[in-house]
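Below: a set of structures, written as C-alpha cells.
There are two complexes below, and they share subunit A, which is joined by subunit B in the first and by subunit C in the second.
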Partner chain A sequence: MSAAHWRRAMNAGAAAVANPVAHVAGATPAGHPVSGGWGIRRRIAAIRPRHLIGLAALLLYPWIATPFFTFQIGGQSLALGLIALSLTFLAGSGGMVSLAQMTVAGIAAYVVAIFGFSAADHISLGWPWWLAASMAVVIATIAATFIGWLSVRTEGIYTIMITLAIGVAFQYLCVQNYSLFNGFQGFQKVEAPVAFGVNWHDATPFYYLALFCALGGYWLVQYVLRAPFGLALQGVRDNPRRMNSLGFDVVAHRVAAYTLAGFLAAVGGVLLVWYDGLVTPGTVGTGALIKILIIAVLGGMRHPLGAFIGAVIYVLLQNFAIDLLGNDYRERFNTVIGGVFLVIVLFSPDGMLGWWVQLRTRFAARRGPGAETRRLPQQQGR
Partner chain B sequence: MDLKRRVIGKGVLAAAVALAFAGAAHADDVIRIGVLATLEGPFAAGGQDGIRGAELALKQKNGMAGGHKIEFVKGSSNATPDKAVGATRKLVEQDKVQIMIGPLSGDEGIAVKNYSKSQPGVTFINGSSGAQATTLVDPSANFFRFHTEGAQWMVGLGEHALAKGYKKMYLIAEDYGFPYSQVQGFMASYCAKGGHIVGKSWVPLGTKDYSSVVSKIPGDIDAVLVVLGGADAVNFLTQYEQAGGDKPMVGGTITVDQTVLNYKGKRRESLVGTPSAGPMADSLDTPEWKKFVSDYKANFKDGFPSPSLFAFLYYISTKAALEGLDAVKGDLSDGQKKYRAALQKLVVKGPAGDIRIDENRNGVGTTYITEVVKNADGSLASKVIKSVPNVSQTLGLSKAEFQKMGLGSRDVPNCP
Partner chain C sequence: MNPTFRRWLLRAVIAIPVAVFVVWACADDAKLFLRTLLNGVTLASLYFVVASGFTLVFGLMRNVNLAHGSLFLLGAYIGWVVGDVTGSWLVAVVAGFLVSALAGLLLQVAVFRHMPGQDLRQTMFTIGLSIVIADLLLWGFGGEIYQFDPPGIIFGRTPMPFIKAYPTYRLVMLATAIVIGVLLWWFLNRTRVGMMIRAGVDDRAMLAAAGTNVQMVFAITFAIGAGLAGFGGVVGGTALSIAPGEDTRYLLASLEVVIVGGMGSIPGAALGALLIGLAEQFGLAYAPTYGVVFTFVIMVLVLAFRPQGLMGKRG
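Up next is the complex of A and B:
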C-alpha cells in the first residue's frame, strides 16, 4: 500500500473507468448526483431494499439467536468490528496502516477502568459510568491524534513500524506501571453499567448497544467519505504531492483522519471493556494489535462493511474452529484458523469484499456488460 | 482459475455456515464435561499436560462415572482471562456441558469464577489455577477447587528456612499474582517466627537481565528467596554467581525443576540443600504416587518423563468430578444440588495425599517440603524431607488473623 502503488492506480484512472473494481468514491452512477449533498431527499433516495433487509436482520437477530450467539458472537463481533472499522477507514481512505488502533481502544478501556469502578478500588475513582465513558472517548481520541501526529510523516511500512512501536511501548507501560495501570493484573470487574433500568451486560441489551455504536460508526464513515474532508483525504492518499500543490494541508488531513479513526476505536474500546469486564496488558498486547489487522484484511478495506464481515468471520472461527476437528485433534484448531485466513487472503487480495466483487463482476459479465455494476459496493478508489 | 476461485469461495462460505450450526446434538445418557486448558500461548505445554491428567483420570474409570458414559469437550484459552471466559461461555452455553473443569492459570480462575455466578445450573471445578482470591474473595456457590493454591504450597517452608538458620533473606520474585501468593505462604510463618525479608525485588515475567537486582542484594543476608520459573532462576543464578554472590537459595514451587537441577555453573555444589515446597514432589515414595506416575507413562508416550504439576492438578480435579458423579449415581437433577452436596463431602484420595474442601470449596491438603540432594552418580535430584498435612487456605492462622494480614501482594506481608 505504498504511495507509489496509489499513484500508479491513480494514473491508470482513465483506463480503469471501464473496470468496476476501480471506481473512485463519489463517482456514483447516473441518477444519483454526488453534488446533491446529504439532504433528506438524497438520503431517502439512497436507501435500498437490501439496506432495510440488512437492518431488520440485525435488529431481529437477538430474538432468534441464543444468548450465546447474541452476546459472544454478535456483541463481540460488533465491538471488534468497530475497532477494525477505524483501521479500514485509515488504511482504505487514508492509505495509512496503523497497528496502534487496538492501543487506542485499550487506552479507552483503561480510562473506563481508572475513572469508573473496578476490583482495584485503590486506583479506580468510582465516577459515574457516563462520565468515565466520555472521559475514555475524549482521552483516547486525544491519544490517537498524538499517535497520528507522530506517525503521519512516515509512509508505508514505516507507518506500520512506528505504530507497532507505540503499541508495544504502551503494553510495556501497562505491565510495569502499578500506580496507574495496576501492572500485570490490570483491572478486573469493570462491569457494564446498570442504567435506565437495564443491565447493559446482559446479552440482548449489550448487543443493541454495540449495534447502535457500530451503525453510528458505519454511518459516520460513510458520511465522511462523501464529505469534502473525506474526498480530500482520498486525494491525499492517491497523490499527496498533487494535493499539496492544490493547497491542501496534507499533514493536517492525515492527522484529522487519525483523530476520527481514534474516536471510532475509542468507542469500540469502551464496548470491549464492558464486554470482557476487564482490561489487562494482554488486551493491548501484540497479539491483539495483529488481531485487528487480521480482521480488517479478512473483511476487506474497500468498504466500511468489510470490518464487520471480517470480525464475524474471526469471532466464528475463534469459537468454532475447535469443533471442526475430531476430539483427539482439538488442540490443533489453530491450524484450521490459519488455513482459512490463508485461503481468504490468497484467493482475494481484498478479503471477503474482494470475493463479493469478483462474483458480482462474473455474474454481471454473464448477463451482459455493465448490467450489474450499478449495485456494486461503493468503491473507495482502487 | 475463475472456476476454482468460485468453488473455493463457496466452500469457505459453506464451512462458515456449518461452523455456526456445529456442536448442538448430544445424547441424554452421556454426561458432557467441558475441559478448559491453555492449548495456546505461553503455557501451551502445561495446558496439554493438564489435559493428559484429566484424560488419565477418566481412563482409569474406563470412561464411565455414576453409570453414565462421560464425554469430554475440550476448550482452549491462551492464559488470558478474557479468552478463558470466552471459551468457558462457549462450552457452557453452546456445547451445553453440565460440568466444567478448568481453567489453568490464576487470573483466568478469578474471571471464570465470576462468570460461574451467572450459570447456577452448571458446576465448575477449577483445573489448576492457583489464585488465592478465587475462593477467598467473593466465592461462588458453584465453583469448587479440589486442590490447594499458591500460598498453601509454601506453608512450612518458612519454618524450615529458619531451622536452617536463615534469619535474614532477600526476595526476588516475578511480578504477578502467583508469586505474590507463594511469597505470602512463605512469609506468613517466616515473619511470625522472627525471620526478616530485608528487601524485595519484583521483576517482570520473563526477565533475562538481573544485574540491577543482583547489585541491590545486601551482603549481610543469610539466603535469597527465589520465586521464579526454573529457566529464569538459572539466569538469575548465573548472573548472581558472576557478580560474586555466594548466599544459598530457597526456591518457590516452580523454581527447582529440571533446568535448575541440571545447572552446570560453579555454584552447582552449593545447590545441594536448596529447599522448596509444593503440593506434589517427583520423588514422592508412596505407592499411590508411583502408580500415578507409571499410569501416566503407560498412557502418554509423548508426555513428560514424569507428570507435571498441571497434569497432577487436572488429574485430581477430574477425579473429584467423577467420584462426585459416582456418589450420586450420575444424578444431576434439581440444579445439581445433590451433586454439589456430594462434592462438599468428598475426600479425594489423590496421588499425593487426601484432599477435602473447606466451606469456601477450596482444597485442604498436604504440602511437601523438598531439598536438593546429590545422587551417587553426581546428578542432582530433589527429595522429600517433610510433609505438612491439612494445610488450609488461611495458612494455619485463624480467619481473623488471616483477614488482618490480607491477601498477598507486593507489600503484603512485610517484615524488613
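Up next is the complex of A and C:
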C-alpha cells in the first residue's frame, strides 16, 4: 500500500477536525480494509511506478556510486535510518519520544562485541557471528522491553526525561565498568563477518545487507501500522483514556511498541557496529542519543520514510559540512547540525516530509480543490 | 493486603538493608563512612541548587529544559571570566547567576512564549539549543579544565570530630544550598509572585483567567530557574572544576533528582538530591565500577512504585 493511502487512512479522523475540506477527501479511504492479511492481489495493485523506480534506484546505487558513497553515505545512512525508524515508529505512531533508542542499538553493538570477536579478547567470547548477532538482537530487544516497561509509567513529556536519564546512565555504566564493557576504550576491531564467501565489510555487500535490513524494517513498520495492533497503538496515542474504556490494555500496547521498536534498533545496532568496526561509550553517549532524535525530526516522524530521509541528510551534512564551512570552522559541525535542527523545530515540526506535504498541498490546491488538500494533524506532546 | 501494613513492609524492606550497611560500614571503617557521608551530602547540596531551578521551570511551564546543563556551563564559564578579570570570586558568583538568568529570560521571551502549549516542541528546541551552546562554549573556551580561585577564608580545611578535617568550601556549599532552599521556600510561600507561581503550577489556565499576567510569571520563573543553574555552575565549578561535558553530567543529575523527588516540587528536589548525591558518593566509595548503577536502581524503584516521584502530586 502506498504511503499516501496509508496517510489518508490514518489521518481521516484527525484531519477532519483540522481541515473541513480534508473531510471530504479523506473520509473515504478508497475502500481499504483496515485489518492486515495477505491479500496478494491487493498488495500488487497497491504498487505504484514510483515504488519500483525507488527500489531500482536503491538497488542500482552501488553500481553508479563510488565505494565511499556506497559505504560511508549509503550504508551508514541505512543503518542510522533503521535506528531512527524505531524512534519514528514509537514517536509517530505511539506518541512516545524515546531518546533511549540509540542505547538499545548500543546494547546490541556491545553484545556483538562481547559474544563475538574484538581486540579485547579477554572479554570477547569468540562465538560465531550468527550466534553473536542473534544474541545481540534478542538481548537488546529484551532490554528495550524493560526500558519501555519503565518509561510507560509516565506520559508524554516525561518520557523524554526518563529515556534520556536511562540512556546517559547506561553510558556512564559503560565508561566505569571494565569487567564487562571494557570501560573507556570499549571494543575495537569488531569486524563484520566473512560469510558465504563474501566479506560483508566491503562497500557493496555491506550496502546490500543494510538495504535488506532497512527495507525489511520499513516493510515491518508499514505492515504493523495497518495491523490491528498498530491501529490500536495509534488509538492509544490519540486518546489513551478512550482506548482504555474500550477495553484495550494501554500499557501493554505501549510496552509492545517499545519491544518492536527495540527489535528494529537492535538490528540497526548490529549493522552499526559492523559498519564502525568498534563500539565505545561514545556510541551510546548523549550526542549519539540526540543524533537519532535529530535524524528522526529532520526527516519527519509522520511516515517511516522520514527516518531514512533524515539519515541521508544528516550523513551528508556530517561528511560535507566541513567543505561548506571551510577549514577554519571544520570543528563546528555540531553548531551546524544543531542550528539545522533548531530551524526544523521552529519552522517545520513535521520535518522534510512536512515541507513536502505542504508543497504538494499548495500544488494540488492550484490544480483544483479537494485533490490533495489534507493537512497533517498537529499532534504535539500531551 | 492492609495498606498500612504494606507501607510499613515497604519501609522495612528499604530501611533494614540500609541500617545493616550503616552498621557494617561504621564497624569496618568509620572514617571512610563519615567522609563519604559528608561528600554525599555536600554533593547533594550542589545537585539541589541546580535541580531546583530545573524543577521550578518544569512545574510551572511543563517545559523540560534540556538546555539546563548548558545554562549551568554558560554561567560557570562567564563567571570564571568575570572572576578572572575582577579578581573577586563573589562577583563571579553573581555574574554566573545574572548571565544565566538573562539567557533564560531571553529564551522565554524570544522563543517559548511563541509556542505555548507545545511541550514537545519546546523540549526539542532546548535539545537543539544545548548542542549549539555546548559546541560554542567548546569553541570559545577550548577543552581545558578551569578552576576558580575562591577567597582563602572559605577554601581551607575545617577541623572536624572523627575525620580530623574536611574541606571548608564543601561545608560552605552545603550552607549555601540550605540558605537557597530557605529563600526559595520563603519566596514561593510568602511573596505575591511566589504565590502566583504556585498557583500556576497547580492550574495555569485558572491563574490566567484570574487576571494574572502569566507571561510575566513565566519570565520571572524561567529567569530564576536558569539563574540557579548558572549560580550552581560557579559554586559547583569551584568545588570540582568546569570542563566540556559537565553540562551532560549536571543535566543527568537534575533529571534523576527530579524524577526521584517528583516533578515541580522543591522539597522533592531536596529529597531527590540527597538520595542521588548519597547514592553516587557511596557507590563511588564502596563499589567503584558499579557506582552509577545505584542511582539508576533508585530511579527504577521510584518509577516502579511511585511514578510521580516521592513528593510529586498524582497527576
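By our rule, the second predicted complex is superposed on the first by the 313 of 382 C-alpha atoms of A that agree within 3 Å, B and C clash if a C-alpha of one lies under 4 Å from a C-alpha of the other, contacts with A are read in each partner's own complex, and residues count from 1 in each chain.
One rule holds for everything that comes next: a contact is a pair of C-beta atoms (placed from the backbone, for glycine too) under 8 Å apart; a residue touches a chain by one contact, two chains touch by 3 or more.
Note that the coordinates shown come from a computational prediction; the quantities given were computed from them, not determined experimentally.
Once the two complexes are overlaid on the shared chain, A:178 sits against subunit B and subunit C alike.
Of the two partner chains placed around the shared chain by superposition, subunit B and subunit C are both touched by A:331. Of the two partner chains placed around the shared chain by superposition, subunit B is the only one that A:67 touches, whereas subunit C remains out of contact. Using the contact criterion defined above for the overlaid structures, shared-chain residue A:157 touches subunit C, although it does not reach subunit B. When the two structures are aligned on the shared chain, A:358 is found in touch with subunit B, with no touch to subunit C.
In the superposed model, A:234 makes contact with neither subunit B nor subunit C. In the superposed model, A:145 makes contact with neither subunit B nor subunit C.
In the superposition on chain A, A:168 makes contact with subunit C only, not with subunit B.
In the superposition on chain A, no contact is made by A:86 with either subunit B or subunit C. Across the superposed pair, subunit B and subunit C both touch subunit A at residues 176, 178, 287, 331, 334.
Residues 62, 64, 66, 117-121, 123-125, 127-129, 131-132, 134-136, 139, 248, 251-252, 255-256, 258-259, 263, 288-293, 295-296, 299-300, 303-304, 307 of subunit C are the ones that touch subunit A when the two sit in their complex.
Residue ranges on subunit B touching subunit A, taken from their complex, read 2, 5-6, 8-9, 12, 15-16, 19-20, 22-23, 39-40, 48, 51, 72-76, 78, 80-82, 85-86, 89-90, 93-94, 107, 110-111, 114, 175-177, 204-205, 410. On subunit A, the positions that touch subunit B within their shared complex are 66-69, 71-72, 76, 175-176, 178, 183-185, 188-189, 276-278, 280, 282-283, 287, 313, 316-324, 327, 330-331, 333-334, 340, 343-344, 347-348, 355, 358-359, 362.
Here subunit A touches subunit C in the complex through residues 97, 150, 153-154, 156-158, 160-162, 164-166, 168-169, 172-173, 176-179, 286-287, 290, 293-294, 297, 331-332, 334-335, 337-339, 341-342, 345-346, 349, 380-382, going by the rule given at the top.
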